[in-house]
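There are structures below to look over.
In the two complexes below, chain A is the common chain; its partner is chain B in one and chain C in the other.
Take a look at the complex of A and B:
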């Protein structure tokens, strides 16, 4: 009985503990704490993109645009409408979800390459739109969202911001995990495997496809809002097509249809620019090489490496037995 | 003003159509949208620029060197990257070409720098005044080259054995192999031609956009839109699509907002894909379950 409970809650508990202890491990190194915050924010987006790509079998090359919509709507809600942060965060998510539903509608009729082309267009258009609509978005000079405030407490220090982001990340992970194991999540997987079969099972394929985009956009919007208030400055350049491709790379490198994979991917892809930003263009090359190598040799991403090793060891054992 | 907008729109559109030809050709044979097409074109333009600027070749010799390089480069990319994943999921193919896109974009910046430099036009000369429009000889050359290349490869596809083999390989890989078509060679050839077309496009577009690693960024989106509008499998469709996109974009810029023209092109893509996913010239593909 106790063992069952432990098995069920082991991974979430360990993961929560890990996130809570990271600042202690890092100590006072401000730079590392910033990186940790960025990894968590990108993990939320990687998870939500993975919901779309890994579980739903769709593709989005313009996901940074959803992040932009979340970030800008949250900034505008708090700065121009005076809405408090704790309402603006989910509100940004819901607003992005609404846009995501609209983007998802064409996706109902598109597959594969053409969906990729359409979402690429979306990824290019939104940064351009934010650039030109400068009355609302500040254009080139961007916006300066305030630090998050919760019941009078201002999240000013890096540590408090980290814990805020960590808690939201855990909440999103928990929601995502339950969603994937729910009726909706199974419907997504069914659509990925075969749309015709899914429709034959009574799944409303067009509705669920639009829903998939909508849910993915919701979480990405929440992450965008966190990003905006954490960094304190947003401009159209923060969400260009290069960022969209990096988000895609997180899913691919980490592993399709895997929540731990999304975290691994976000970690790896956040660290690549850290180590390569002394040469302009190098991080792009390294990210591209990572994408190509993973696609060619580990199509299921870095999370599959362990499994491949185990299988190889097993095979070796079998072979040696036969040799005897 | 209207007629000037139409004429300059069509002239810009011919560049988009030119860039779309290579995309369509590769899609037609290998059922794969090459997201790295623009960056491949950019790299071969830089190679041409190196010949022109640092090695002292004249314009046409550099042009020849660039498109020769483009063709070899295309074969190389097909052999090394594309062939291993030819039978993989669509998503892997998309991601692979996006990976190549990133590598080329980053590497070009590291090799040739990020500063835009000017690029000579194919034909120089004072603009003609036709009625109250101004047209440069180079613009006429680009339009003529686009249509000539389109007709050439349209004829290649329609009337030659190679074209027949390409169409067969696109339709059914296994049957065409059983019929004795070397599908590997056909794929390599397709990529060579696709990259060659990209190289020509890059060379002719560079005077307009200036030469830098980002030069094809905007053009290739329009080229995608052109290909989508033309149905993605039709070479004439790509050119007509390109001309229409150029026209549409220029009218939006003239009458609504110059800054929002790209956003409008995006909405046009979505609209076309939603209303008529097969485009103007495309054929509906039916998939057996």
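Take a look at the complex of A and C:
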């Protein structure tokens, strides 16, 4: 009985502890704490992109645009409309979800390459739009969202910001995990596996495809809002197509249809530029090589390393038994 | 009368796959649709599942015309189906496949699912219980957590049927349910079909080539050839019907 409870709560508990202890491990090194914050923000996005791609079998090559919509809407809600941060954060998510539903509608009719091109168009259009619509977005010069405020408490220190981001990340992870294990998540996977059978099981395939985009956009929008208020400055360049492709790479490197994989992917692809930025252009080269190596040796992503390792151990045990 | 096809005609381009087919299926019947390959049997099922649009005719279920329904609404109306070549969700476990079969009966939306509200928890428990009950009936409880693609074909076929049964349909469409099963498995499935007809009151429309099974469990049989219905009746009548023998074996050349 106790063992069952432990098995069920072990991973979430350990993961929560890990996130809470990271600042203690890092100590006072400010740039590492910043990196940790960025890893968490990108983890939320990698998870939501994975929901769409890994679980739902769709593709989005312009996901940074959802991040942009979340970031800009949150900035505009707080700066121009005077809405407090704690409302602006989910509101930015819902607004992005609405846009996501609209973007998802073409996905109902488009498949594979065609859907890729359509979402690529979206990924190019939104940064361009934020550039040109300078009355609302500040154009080139961007916007300066204020630091998050919660019940009068201003998240000014890096440590407080880290904990805010960590809590939101944990909440998003919990929500997405629940969704994946629900009838909604099963419907997404069913559509990935066989659209004909999904329809025969009573799943409204067009609606669920649009819903998939909408849910993915929601969490990406929330992450975008966190990004905006954490960095304190957003411009169209933060969400260009290069970022979209990095997000895609996070899902591939980490592992399709895996929540831990999304964290690993976000970690690796945030750390690579962090440790290689002293030589111009080096980070792109390393990222490229890492991508090739992972897809070559671990087509199921880095998250599969553990499984492969366990299987190898099992085999060795069997072999040694036979040797005796 | 539970189900009725009236003058159903399906054409693909210039080819008439189903021609003026009329059938009536009564409650609690096992109704078999047989005929040589290419006779248009699967097309009939696809028309009922709304995967293809007939050019003419009516499909009535419980007195209501279901031609207006979309494919995903058919199961909600009470008609579920299995597939000839197994259309399972291959990377899901058996349990998740069965739970997906329950999709139309569950009500948890995005919010209650995401926040794991009591409704969601209760429904998930209920789904697991229903799936386990079905697996017990099929004595396949031990493979509940296996990934479907790792199962032998025979087991996959049974899971495909079990998934269709999860929503407790009134009418079950089976497309060659025992093709690829060995004689022992076939016999077991035959008993299972009779059991769900008698205990659950499920009506079955079955396409099958295994004549011994068809003759043994069918309450009524219709024979199709080249899109036309050439015979209908009780198993005994069909077995000795001259047109049926001709369709399966060809015409005897009298001059020889």
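In this text, the second predicted complex is superposed on the first by the 310 of 324 C-alpha atoms of A that agree within 3 Å, B and C clash if a C-alpha of one lies under 4 Å from a C-alpha of the other, contacts with A are read in each partner's own complex, and residues count from 1 in each chain.
Criterion: contacts are C-beta pairs under 8 Å (C-beta built on N, C-alpha and C of every residue); 3 or more make two chains touch, one makes a residue touch a chain.
Here the structure is a predicted model, which means the values were calculated and not measured.
Q: Look at where chain B and chain C land on chain A after superposing the complexes, then choose clash or fit.
A: On the shared chain A, the partners fit.
Q: When the two structures are overlaid on chain A, which partner does A:287 contact: first (chain B), second (chain C), both, or neither?
A: Only chain B is touched by A:287; chain C is not.
Q: Classify the contacts of A:129 with the two partner chains as first (chain B alone), second (chain C alone), both, or neither.
A: First partner only.
Q: Check the residue A:205 against both partner chains and state whether it touches chain B (first), chain C (second), both, or neither.
A: Only chain C is touched by A:205; chain B is not.
Q: Please indicate which partner A:61 is in contact with in the superposed arrangement: first for chain B, second for chain C, both, or neither.
A: Touch status of A:61: first partner only.
Q: Between chain B and chain C, whom does A:196 touch in the aligned arrangement: first, second, both, or neither?
A: A:196: touches chain B and chain C.
Q: Output check: A:186 vs chain B and chain C. Expected answer is one of first, second, both, neither. What do you get?
A: The second partner, chain C, only.
Q: Taking the superposition as given, does A:32 touch the first partner, chain B, the second, chain C, both, or neither?
A: Once the two structures are laid over each other on A, A:32 reaches no partner at all.
Q: Quick one: chain B or chain C, who's touching more of chain A?
A: B
Q: For the superposed model, what is the least distance in angstrom between any CA atom of chain B and any CA atom of chain C?
A: Least C-alpha distance: 9 Å.
Q: Need the overlap of the two footprints on chain A, from chain B and from chain C, as residue ranges.
A: Of chain A, residues 194, 196 contact chain B in one complex and chain C in the other.
Q: Using the touch rule from the top, collect the residues of chain B that touch chain A in their complex.
A: Spelled out, the residues of chain B in touch with chain A are 27, 32-33, 35, 81, 84-85, 88-96, 98-110, 114, 213, 217, 221, 224-225, 228, 232, 257, 259-260, 262-263, 265-267, 269-270, 273-274, 277, 289.
Q: Spell out the part of chain A that touches chain C in their complex, as residue ranges.
A: Per the stated touch rule, the residues are 175-176, 178-179, 181-187, 189-190, 193-194, 196-205, 211, 215.
Q: Note which residues of chain C are touching chain A in the complex, please.
A: 49, 51, 70-76, 80-81, 83, 87-92, 96, 99-104, 106, 108-110, 113-116, 120, 123-124, 163-164, 167
Q: With touch defined as at the start, can you tell me which chain A residues reach chain B in the complex?
A: Touching chain B: residues 53, 57, 59, 61, 105-106, 109-114, 116-118, 120-122, 124-125, 128-129, 131-132, 194, 196, 241, 245, 248-249, 252, 279-292, 295-296, 299 of chain A.
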